[in-house]
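Two complexes are shown next, each including chain A; its partner changes from chain B in the first to chain C in the second.
Moving on, here comes the complex of A and B:
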């Protein structure tokens, strides 16, 4: 677990701020987000809908829709270069090659009018200087790696002929074709059934062991995170509220939001022997809209530990214990 | 459930085969076997969980129970009377007793009606409350589900997902039903809001002897709210037993694999890769002969691909459809 300590991060995000302008005016979807990704690790970015986790992922590849969305401030460093300053050509060479992405919807992220083979070999022909034939062979190899039965036949098929689980395998294969250094997976299993989810998670871990790719896993599912991540970044209302190693975060959460989130999970390992009724721990209130003006800590209105200070002053994220960061004044009072 | 107490609702041998039509004359070329012989009953004040993966027929069962869909074959009995024999008047009366909460709180509320009108309308249609008292009753229901009475004149789009689901619950409660079919009521909600809605449903049941059929793909949530759980696969019930037995001593190999696939939010136990199910759910248009699960079953024998196992009581109140148990 300590493998990143002596390592240099391969991807470094610093003070990222992304704004969207809509009919209600301008709002920051993410604000002052900073984190590092180290080689060979799986970093999970978790949070509820609207917390900015997908916007963070999209910013890394500069996929934020413009002109509504805009990366206003910040730095995304990859291999010594700031991605935000790259010209279009270098950006194309980066996307799908050194950094690739798996999207949430395996149903809609493949092109329905092209065969699987065409969509996969295209990636290789574009990024690497190889012939169509070589690309095809490499594609078949990759399809075997993601455990597609009968890969040769699969190349001739169209996306609608495959199930959701198979399509997600194709997406993973496509993302891995150029042997990327960073794989961003945005809710890769959310649309799938649990038995298929288990297969896909197994596959992602296996591939990481084999290829050593660093993974950023964007998800709302804390159970998935507990199973496959090394480190966790917890986001709330566009900001990072806590960051640390997965065991640290789950065993000793240092932010009341993380603490509340973990307690509100229905979990089978907590059910008691007799058939007595068990209550889930509720977190009162709602996630604030990004359009509401805030002063102080954005979690303060829902926080059981909130004080007068929390309502006036915004807590900045700081390291409290080795490698564990939190943005809370009251972190010592969480039991 | 106790044998001697009369069930509130009984489902008997329910079949739903949807025709698949093709071509110019919309000829029926095949049938999708959405529900294939489902039977269970539910007592007053009980929660029965229906759990299964997408396409297993759980939602169709729910829709048939509230008579949104007529089954191909089979009966739904409310206190012993088949609802499909009811005339219009009796059916209306039945609908008062059995209500449904839908999965998607965004599309199941009329965007042009105010929240108060949505909750009040059933009482006007069924004439259960005098007109001049409807406003008070709506206010009472709003308070009951944790909404503010100032929100009565707002429109659905002004509510968040969790609040809309509270609104759906208030609408379902407005007729004082005896059974609520909750079809994935918390799947569209965030974790912190999910707990609020699950607790609300539990509280309402304690206060008024409501029965729930709780349909979900999430065995964690089903495990929390249900007294008994029915596990469905390809239109059939594979196992039906009290919650604790399903969760700790599952007898059907499908239930066991399903539980093994559910990730547990605890990083200390390590990631298990045991007893993974291979392959995917077969198509319901051409379901496998014999046991529907035999194509993925880790312990299947020859018999399983020939003969369909029936749901039988192996231990007291523990029903399993498997030849090998």
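Moving on, here comes the complex of A and C:
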């Protein structure tokens, strides 16, 4: 269970702050985000749309679009080196090689005018010193691993000839070709139907087992998280509000936002004592815009436990029970 | 069951889909627009090369007795105000007109492509400097730029082609720039960055192949504009000099006779129109060929 307890984190993010400047002025998309990723673990990052999950993922590879977006401060340490300080060449060598990413939209994330084969072997040829022929063999092996029928023929096809599920497998294969240490999967299954979704997730876990990759899984699907993640980071309005092991978070949420999220999940057995169906609970209100000035806890306006203190003072994230961190003053009063 | 269907599929597709057994040329002539456009262009290229050998008369020989004749067996396209055979002049003109059109389009297209793609890729101040300079050029009518440049460099056919080419840059730069912006914001571009592609690779391997197809179509449309600009320059005495049988020049020289003897304008005009049409159809076909999404012959 605690397989990472003595391990050094492979990726460590400290006090990351990313700002975007738009027509309404500057806004912090993520603010003071810190977390660690340990070898071989699956870390899920959850939260609703616009809470900064994708921005966090993109900043790990320094893919934040400049000049609008900027990593203002923070540290992203990978194998002891700060990614934010790397020169361009080392950065190119890191991307797709040591750290790779699977994107949200499998339908459009492949270059439409290049064959699958060219796009896949390209990764190998420029990250590893191997010939075209060897790259091709390795690519075919990888396509077999992601269960593409007839990989040889697939290499000569163009993206539009493949279905969404197939393209997502290709994306996964591409991300895994160089045996990366860290795989960032940004909602890898949102564009797919449920059966394919399960297959893809199983596949990722299987490959993790085989290659020992650490996975950051970005999603808003809590059911998926419960199934495959080891640890969970819950984000709200650009900040981490709770972090802990999956079981801990699901059984004993220590932040009212997480609590609300879990309560709003539909269940098959949602009957009360009189065998009447319970209405699905919802959280009132909306995520605050990142452009509004905030004082106190960002969740306070929607929080059932909000006190006067929450509206004035911002709760800092702190460890409450071993490995379980939360950013709430009232954490003891939940449940 | 499923396996066998899969296998059947694979078999048929690998038979018809192996790129080595079917050459690019064979693929090209399968597309009907490439066939039609190609035939028209090949016809004009043939005329351009062999026209002088098969033309019935001398293109510059004047004939006082043969002025403004109807098309007859002796003069199939009629004759112009100076008694020159129009068929002969159209045949001689093919070489020079194609040459002007192709060279000036290439200058404008290539420079515009480079400016547009770098502006679109780099963004920031590079984009601002490049695109504002292009906009500055764009505010002047093309012909005015061309006149200015020819006046500056001195009138000659080469300078005319360069001037027309430069006057076309803003148009191609703008189109390329907007296509580049669209393409670089697509997820595949970000995905290519995420696998560690460097700048050169991003531009030449990922962006360029996506940008070329629309540009080819736009470029083939520009041929007519280039020929007409060159003709206008000739008309002003800045391009091809009088006896030279250039199509645009022939239109310009003879426009006074449009009511009296329409054939003097009709045939050079038809020649320009057919060439432009040929380039357009061919461009369309090549676009289809380059863009795998439109390729019909796979599977």
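Everything that follows uses one rule, which is that the second predicted complex is superposed on the first by the 325 of 335 C-alpha atoms of A that agree within 3 Å, B and C clash if a C-alpha of one lies under 4 Å from a C-alpha of the other, contacts with A are read in each partner's own complex, and residues count from 1 in each chain.
Assume contacts are C-beta pairs under 8 Å (C-beta built on N, C-alpha and C of every residue); 3 or more make two chains touch, one makes a residue touch a chain.
All values reported here derive from a predicted model rather than from experimental measurement.
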item	value
Touching partner for A:286 - first (chain B), second (chain C), both, neither	first
Chain B versus chain C, judged by how many residues of chain A each one touches	B
Partner chain(s) touched by A:108 [first = chain B, second = chain C, both, neither]	second
Touched partner set for A:278, first chain B, second chain C, both or neither	first
Touched partner set for A:308, first chain B, second chain C, both or neither	neither
Interfacial residue positions of chain A with respect to chain B in the complex	48-49, 163, 165-166, 193-199, 201-202, 205, 220-228, 246-247, 250-251, 260-262, 264-269, 271, 273-275, 277-284, 286-287
Contacting residues of chain A [partner chain C, same complex]	61, 63, 67, 88, 92-97, 100-101, 103-105, 108-115, 122-123, 126-127, 149-150, 153, 156, 158, 160-161, 171, 174-175
Footprint of chain A on chain B - complex, ascending	53-54, 160, 162-163, 190-196, 198-199, 202, 206, 217-221, 223-224, 227, 242-244, 247, 257-268, 271, 273, 276-277, 280-281
Touching residues on chain C, where the partner in the complex is chain A	6, 10, 13-14, 17-19, 123-124, 186-188, 190-198, 201, 205-206, 209-210, 290-293, 298-299
